[in-house]
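Common to both upcoming complexes is chain A, partnered first by chain B, then by chain C.
Presenting the complex of A and B:
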């Protein structure tokens, strides 16, 4: 029988899921919650929500529960960080709720225990399409922000290697290319996230932008960011300067730096951009990519690098590839080696149940059969417990 | 002898979420046999309608929450009901001239006319740079509130039928 022929959802749910073995302890409680009617609202509510809004205090017992991020923190920490569909969800439900899941909890645990005097550890989140890598990254960055770290978040590195409208030759280096729009947009958002630090950190050398413009030694970093935003031509170089300064000054005594890059495989893949003589551009010939690669090296201490490898949005990669080795290629893997891989699986039984209850609570599942057992079984089957597939299915039901 | 068995139509599902009216609407929206595209437009329409209503629901104070309808399927069915004309016009030839004669319509004809008007209205009379799902969602929400161009067209049809009452006797069935 022809089931709903929505190609994306079929693609998402047909991938082989590597779910962790089911923990049966929570299931009994969930079954009871599922068969309860709408009238007693309090007991199902306690199952899938938690009042702990700090990721640092989340533990094993909070897995599968949703915690709310206050709107003020959403605006400062994630001006550009959250995936588009999640931003729409925040707007519709009037609240930003993230589910506490094992990969994010693991990552936050490692970050808490990491020694600031050792070189920075690189964590790589990998998993199939739509399993929640970007949101796990955002959760870890939320935790770091609440612990008062400096956040360097690149929401999607793939945007820097494709569909660039204005590509200009770099003034600083003859063989490289600049991307003024992307760089200035990123600088604006960086400024929103890290206002406090931009006043404290000072430059360590003089930077000359053009014949009449220069930034002295000892000026706050905020001036460099303003320079990049106002003079769009120098924006990419300003990004390079900011990255260099932050890396040089991230010692154990001063601030702690966390670099979060979504789609790090874009830095070592191929681009769709061409030069004027129609020859392809290598990623290393782009200023932004070149400077970001320097950040990904582990020759600095006092922070961490969290990256995601994703096939969504990447160019010239097969859609079945999700392992770091396949997506990064030989060059990227050798550069990032050694790193700590963190697998992000699809929802477990408990997490699926929790997500379903959350959608029902926020009045998202409106179809009358969506509230029955039959409907729930069908959702489970169609989405194959994939978070993105479930979200897209419930969107029109 | 063995009776031949009819093949199942491609739009038929065993899913609990399937709805025959929605399937008919999808078939009417379809062009060049591209059911995937038509279906995706309808699902996006339902999603955008639901988003607008749920956002209104969550922002409304507790007293008004009951009044806001969030279910896109009920909105679709109710909007379709509101657009269905009760009486239609038929062209009958008498004495060399053609007259527009009022006549009752069957249920399927009424449903067909309502869906046809919705789709043509969205295709022709809206700004060209808006997406089809946006146009459809605006039109459906307006029809749910008994406003909008499709409701106006239904009322025009009723007025024409009322005006041509005198010719009702030209119909012989």
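Presenting the complex of A and C:
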């Protein structure tokens, strides 16, 4: 209750400061009161925010607190990586705040301790719908990029197996199919994230794109990416080349590579795409999927593979499935077999409290009942501590 | 006195005679209006030819008394036949006996054979208001509302009565005054509240059942919980993805201010999404009755948490497309 009173006083003081002062002395007093109340207002804010913006320095004591990602980093690291709703939230609140949670901390801990000489470890984040798997992945990738790793982020593998408008037969391999649009879009975003590395890494062999276009050996990888972006027809093959080169050159001495795939169960599930004779396409017949699967193998060292399995975008899976076994199917599970599963649970009490305070602080909860204790209990019940459900609930409050 | 009851002689020997007697006493509701005695108070010379204009049937006092005697004798006969004690034979016993002796396949319960006290069957009639000479007994008869005006004429009625009740020594007139008071039954006393049950870990729990529109739900509400709710083994967030259904689940707890304090397991079958939510809500409210004080029970009842929703799907009628929708009207 004290918090609501303080809130109201601060709001009043804000309105007072905005309006023109009619009586100087009276206004001065009120402003003075405002500054006095500002100071105690800071401490509730500090409870759920932390000033550490490096995921590497987060520890157990930061669980439940929000940390801000500077906008410049958001643009470079996550041009396409963040979930749509989170992007809208960033635009609304004018800041990108992520909550520090246990699964992400665990993952970052493992990444720190991993030995670059061993084959890359595969981590699989799983959990029920809306518990925060994609954002945990983004948090881990943020950490990796600050540690100067090369980031290969596939924001949603499900986008590659459904709703493809243009599907062309691959020039490289007779039986496979290309997806030029998705491949070129991905290459563009990849270029934004890893500008630095693209100049450093050199190709190891000559690639012939068509009768007149080819890329020599020893050219920077950036050229291949540009080739894929400009010549959309060869985009999927360009993607394949990029992946192959990165994998081959990811040795302990050079850069460290992290592959982040959201919705990895799309690679082994079913597609909604059909060939011209109306027969379904298997995922392995798509170039992009085929190349990405090769990346997911653990026959290279000096990096890590972080994947999430989601039911949210997947096709032909029941909505109650959330375990890796159910979502990946036998084939996928065997492929990924020695992997480290990380469960992402719903919010705990403390995390829920923190999230609620954050929304209140950002003035997202406008309804007067939302500010009371009963309102909070209602939100707790109705969302059952599920982050996505809470976010959708508060969206219209 | 004419009677449309079957002729007893046609029915034969001893048990038959008893049965016949019963049958004679039975009044079937299906009897048409063309029955029995005429009113004797009007002059006997008038023979009404137009029966419909006679108005509702009028029975004399003697007729009613005779019916009551016959009913009592018939009741004793019936008790004898069924092997029960005639002294302690209640109306329920009579109903059971009749249902046994005259089984009927009719669906309408009111059309089945019935044996009740004549006071319940024959409509009550006002005693005749005027004497042989046509002069009314009450001096205010011609106002139309004689009892009302007589009371008003005597006193400024209700205020004075209440003041009388407040005075000491009111017991003298209390009986007279209470005749005009009707007791309002406290509705909530009609609710049956199950006592709390305790399971192995000394945790109190209570069960409830509810129905809404072909969905039935049974719930078990446990104390000392943290707000976990399971429906048919699945978490309620997954079973009811729609916000509206979860709000329905929340309502009983929120009303009693017990949001995070109970755990609940429910089983629900039938109906659709909304019907299942409504059924669970009713079942939860009934289960929570055992945890709650009487005043809260009353407030729950007034909030409508304990009322089963009687709305069901309306039947489709012949000649129409649905329950209300008619076929498209064509001019030709």
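List of remarks:
By our rule, the second predicted complex is superposed on the first by the 357 of 397 C-alpha atoms of A that agree within 3 Å, B and C clash if a C-alpha of one lies under 4 Å from a C-alpha of the other, contacts with A are read in each partner's own complex, and residues count from 1 in each chain.
As a convention for this text, a contact is a pair of C-beta atoms (placed from the backbone, for glycine too) under 8 Å apart; a residue touches a chain by one contact, two chains touch by 3 or more.
Source: prediction; values computed, not measured.
In the superposition on chain A, contact is made by A:367 with chain B only, not with chain C.
Judged by the touch definition given at the top, the superposed model places A:397 against chain B, while chain C stays out of reach. Within the superposed three-chain model, A:94 lies in touch with chain B and out of touch with chain C [touch as defined at top]. Of the two partner chains, chain B is the only one touched by A:375; chain C is not. In the superposition on chain A, contact of A:335 is made with neither chain B nor chain C. Using the contact criterion defined above for the overlaid structures, shared-chain residue A:110 touches neither chain B nor chain C, since it reaches no partner. Note on chain A: of its two partners chain C and chain B, the one contacting more of its residues is B. After overlaying the two complexes on the shared chain, residue contacts for A:320 are found with chain C alone; chain B is out of touch. In the superposition on the C-alpha atoms of chain A, the part of chain A touched by chain B in one complex and by chain C in the other spans residues 374, 378. Looking at the complex, you find that chain A touches chain B at residues 1-7, 88, 91-94, 362-364, 366-370, 372, 374-375, 378, 395-397.
Those residues of chain A that touch chain C in the complex are listed here as 128, 319-320, 374, 377-378, 380-384, 386, 389, 393. Those residues of chain B that touch chain A in the complex are listed here as 8, 10-17, 35-36, 39-40, 42-44, 46-47, 50-51, 54-55, 57-59, 70-73.
Interface residues of chain C facing chain A in the complex, by the touch rule stated above, are 227, 234-238, 243, 246-247, 250, 253-254, 257, 259-260.
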